[in-house]
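Okay, here's the structure, questions in a sec.
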Amino acid sequence: MIVILKNDADKQKVEILAQWLQNQQVEIHKSVGEYTTVWGLVGDTSRIDTDLIEGLEIVEGVRRISEPYKQANRKFHPDDTVIDLGGGVKIGGGNFQFFAGPCSVEGEEQIIGIAESVKASGANVLRGGAFKPRTSPYAFQGMREDGLKLLLEAKKITGMPIVTEIMDASHIDLFEDVDVIQVGARNMQNFELLKELGKTDKPIFLKRGLSATIQELLMSAEYIMANGNNKVILCERGIRTFETATRNTLDLSAVPILKEKSHLPVVVDPSHASGIARLVKPMAYAAAACGADGIMIEVHNDPAKALCDGPQALTPEQFAEVTKGVEKIISAVKE
Amino acid sequence: MIVILKNDADKQKVEILAQWLQNQQVEIHKSVGEYTTVWGLVGDTSRIDTDLIEGLEIVEGVRRISEPYKQANRKFHPDDTVIDLGGGVKIGGGNFQFFAGPCSVEGEEQIIGIAESVKASGANVLRGGAFKPRTSPYAFQGMREDGLKLLLEAKKITGMPIVTEIMDASHIDLFEDVDVIQVGARNMQNFELLKELGKTDKPIFLKRGLSATIQELLMSAEYIMANGNNKVILCERGIRTFETATRNTLDLSAVPILKEKSHLPVVVDPSHASGIARLVKPMAYAAAACGADGIMIEVHNDPAKALCDGPQALTPEQFAEVTKGVEKIISAVKE
Amino acid sequence: MIVILKNDADKQKVEILAQWLQNQQVEIHKSVGEYTTVWGLVGDTSRIDTDLIEGLEIVEGVRRISEPYKQANRKFHPDDTVIDLGGGVKIGGGNFQFFAGPCSVEGEEQIIGIAESVKASGANVLRGGAFKPRTSPYAFQGMREDGLKLLLEAKKITGMPIVTEIMDASHIDLFEDVDVIQVGARNMQNFELLKELGKTDKPIFLKRGLSATIQELLMSAEYIMANGNNKVILCERGIRTFETATRNTLDLSAVPILKEKSHLPVVVDPSHASGIARLVKPMAYAAAACGADGIMIEVHNDPAKALCDGPQALTPEQFAEVTKGVEKIISAVKE
Amino acid sequence: MIVILKNDADKQKVEILAQWLQNQQVEIHKSVGEYTTVWGLVGDTSRIDTDLIEGLEIVEGVRRISEPYKQANRKFHPDDTVIDLGGGVKIGGGNFQFFAGPCSVEGEEQIIGIAESVKASGANVLRGGAFKPRTSPYAFQGMREDGLKLLLEAKKITGMPIVTEIMDASHIDLFEDVDVIQVGARNMQNFELLKELGKTDKPIFLKRGLSATIQELLMSAEYIMANGNNKVILCERGIRTFETATRNTLDLSAVPILKEKSHLPVVVDPSHASGIARLVKPMAYAAAACGADGIMIEVHNDPAKALCDGPQALTPEQFAEVTKGVEKIISAVKE
């Protein structure tokens, strides 16, 4: 970390800062120039909050040389992390996977029907919401425990591993037989939840928050990893911008950046980003073309019941078309 | 709620939508025009997700006539809500309050010293963080339970009610003697936490999320109120934008809008929004001028230890100047 | 257009609005419901500003049924527009083109050298800036007229059509021999310039403004078309968001949306969006995968002079790799 | 300017950068540390684009020590600039002014009527649009030259100086008798226009672009000043964010930041920012409380014709109330 001091910095305050930094166990290498003084901080600077130092009156600027994340950092772990999602289904390191299923689990027939059809169309992991984060307290909050049971039933019948969202650390026990635990965008910085998930050995599917920077997503992954669980899958699902033609703006540049900065697998969810079924196919293709390790897509099997499932859901036939196209693109890119 | 159907909407799909809406216990009043068909939905539409309907192929557009929040809505509760924060300190309905104190509780001497000096300078409620949400797992996470004990000690000595942040529903018991429980920006949509706080009888200080719309803030208040707790204080603390001169962009227009749409008290936190101490005074003045019911300000007592407290903190002397200026502005506006 | 009136709307104000609308030559079809009154406006509503009406006290909401753009609208022009960029190089309707060249024209040798090498690597149109919009008045503002001459020289030698940016309507005469005139992001809403370009018969390469919505981009195209020039190429080049890992956030969802709403060709510029050369390849691939009609890429030929050209520029070798990959993806998607 | 080089930077590329910088007439002071090399650049670095350098592979980071604007910079011009707006009406240095009038000039009776009533209510400068930037080519584009004549008529009758918007450099001659020339948000980076306005001796009222940073606004002021015209008034009028409750988000923190970084007067336009008349009063109060030098407000005199004028316009009576309240706040803050 580099700290640039102001020319006219008050000496006493500079001294206080120097002492404080030394208390944080970092060494200071000073370069005093004619016009400015630059300190190079050596040691473990990950616990130092650059915002705090940058805001000090005596400081002109601060620049991290090393990223504040370590375990998620490709520099210290050059090889791609490969994660077993259950049943031998692997993601990362060249393994591409499709996560598909309904937005919400609504009943036995529904979830098993969809599970079977997405499996037939190329999906490798079944998704489905049991606990649903809803903006309104009056909206359907998901089938909760009962939904989890139905997912496990679908898993038993189809053999597909399942991924489903957790909303509170106190529910972890309920997820014992779930293969992959999803952390939703709204809980990306629910740090108490991240810490507890770090103590499990489940793969964690971590969605980027609506206004989270790429670095903040990696820092949330680091929370899980720092607590002992290295199996984190990162998911880009759209950020909040001024544009209203789509529900959120899918930030596909995040894919190559995340792949460069981290060794963790990166999945794209084009369904939630746009909120429009017609955009799922082109954006899934784009995600595959720019290097994603997987795609999560909402699929429903019964158009007559589609309302509860969201306008962004595809039919199994549309999903099958997407899987085929994506595979062609992956081959084209690899060649 | 008004649903505008497309001219060429498939009749079978229209029928499915009509049935689904009737299952939600809403009546449909149809106006069939030459160029378009408009449905007026009558009944409790708060549980209907407009996004889902808007995304349907057969729908041209949806417009809510009634807001999706009821208990937080001024239409159904025209008078300002006045909340007792403890010890007879009231907010709302013309009662303006200053919440002041350090970012983090760091020790007995620190918190009691600051409590005494902010009280002397005009603060009515002591703030201080015991559980700290930090972007990095390696950063200081607060004194946690020990911090709460020190805050209660400061309360006993000064007689000031205290407000401090909760980060997980499982910690609610620890907050038994805390006067006001704060929900931080990152947990504004931690719905499981909001539900549990709705079952307590404590005033809840609810901060707006970094990318939350004004309506989403009110929906989060509604979560607490729908579970039985009407004592919610709304807090504007800056939103995320492209501007980098300030840490966040303080959205002061939110103050008159929240006051118009809701009867709940509205507080502004200018310290966290800008992250710059020099801006706290002018933005506190602006907040008072546009109708806020209170201001939350970070104050530290010992510049030598200020580093841990954040560059946005004021000294007690600076804070005293702000309280005096704010009071003059409140008088000027009221006259 | 649908106007929803408030239940308790003042009758005199409603009457004033009705008269005003009739003065705009639109007919009003009224549907008076029990709870609300809905007006369907029939006629040419494109000149009516929905913001003005939406802000009226008596109005609950406004919704356009027909888009405010006509000539750019696919509804009224279902077939893809194919534009001849010069020398028989066509874009749109299945014709994909690469626009490549340096950020700025710096000298004869430079521009001819790059023109020859990008042509050899698969580019069809030469780009290069003569008039440069620069944030600082002290920065190099481009070679201006001299730069145009050098571009025309490069065109003569290589036979490639050229595209270069215009910054003021008074310069149009200077662009007489330029094949395609570019309007930069900062001038997307320079309406006087758009009107004048509408009176020319040159293809216009219109870049999306940094904070322009997709609809605003189409309205700017409409300005050109309403003045008589139908040859408009739309370009997505990144929007401003809170994310700082990239200079701008490339909004690739805009590609399928623009292709759906309009018949005009859509090009993606991944160089300026990210500002990082390493991201150009994956984002060019993604652009091709989601349906773009062309890609604009910065290329320089001499790394030793690259500084003036921007860190997002590729070498001709890197560019050749991108063109090959993009062509494979286009084939994969078409199959 | 400080350039931090990467540890493993390629020596040849470092040498190229060093030569290039020397060609720009800046001296390099090198501090070679154990872990990093820092260059301090001394000389006129304002022409160096930090983005270009930051993007180089060999560079870890760049930090400007001196701002890229000089003439607009308070460091080199510590005293407030006071500008005579015409007729002895001064702004800046403690002089606060109200700019008021209709959105568009619509006719003689309208503009003279409003001019007289806003003057009676406390306005010092008459605003009114003759050339109107409109998103749609089909919308009313203003009375243009005829509108200018009517404004000059209103000036003659009331004695008030006038401010009105210019949209193209070729129109400057038409503005000969206009007192203050406004540059709208969409033209804030129309650099050719800014250069030409820099050659006039008129006060320029420069509005912040919808997605312009505070630094970019100052750089646009610098364009005008670098061409010889020091009379620039900066105007905050709202930025584009994800929030939809207001048309734009008024960024009032920009006021104290602009006042700190620059000596130029700062005006706030609360009418356009919110697009809602009810918010004009509280936001005008807030603007005065945080240190603005003036406020621009839309006022219309005839509610029956208000439609054309925008829902954000106040009546003269409402405007008179705002001027009184603002004056009380200014006194309260000054005391």
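In this document, chain identifiers A, B, C and D correspond to the written order of the chains, with residue numbering beginning at 1 in each.
The criterion applied here is as follows: contacts are C-beta pairs under 8 Å (C-beta built on N, C-alpha and C of every residue); 3 or more make two chains touch, one makes a residue touch a chain.
All of these numbers come straight from a predicted model, not from anything done at the bench.
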Chain pair with the higher count of C-beta pairs in contact (C-D, B-C): C-D
Duplicate of the A-B contact set - from C-D, B-D or A-C, the pair where over half of the pairs recur: C-D
Chain whose mean Cα position lies farthest from chain B: C
Centre-to-centre distance between chain D and chain B (centres being mean Cα positions), rounded to whole Å: 32
Centre-of-Cα separation between chain C and chain B, whole angstrom: 40
Whole-Å separation of chain centres (CA-atom averages), chain C against chain D: 26
Multi-chain contact sites of chain B, meaning residues that touch two or more partners: 211, 240-242, 244
Chain B to chain D touching residues, read off their complex: 211, 213-215, 239, 241-246, 249-257, 260, 273-274, 278-279, 282-283, 285-291, 325, 328-329, 331-333, 335
Residues on chain B engaged by chain C in the complex (per definition of touch): 2, 4, 29, 31, 33-36, 38, 40, 42, 60-61, 63, 65, 240-242, 244
Parts of chain A lying in touch with chain B, wherever the complex brings them together: 13, 16-17, 20, 44, 46-49, 51-57, 68, 133-140, 167-170, 186-187, 189-193, 195, 209-211, 216, 219, 222-223, 226-227, 240, 247, 275-277, 303-304, 307-308, 310-312
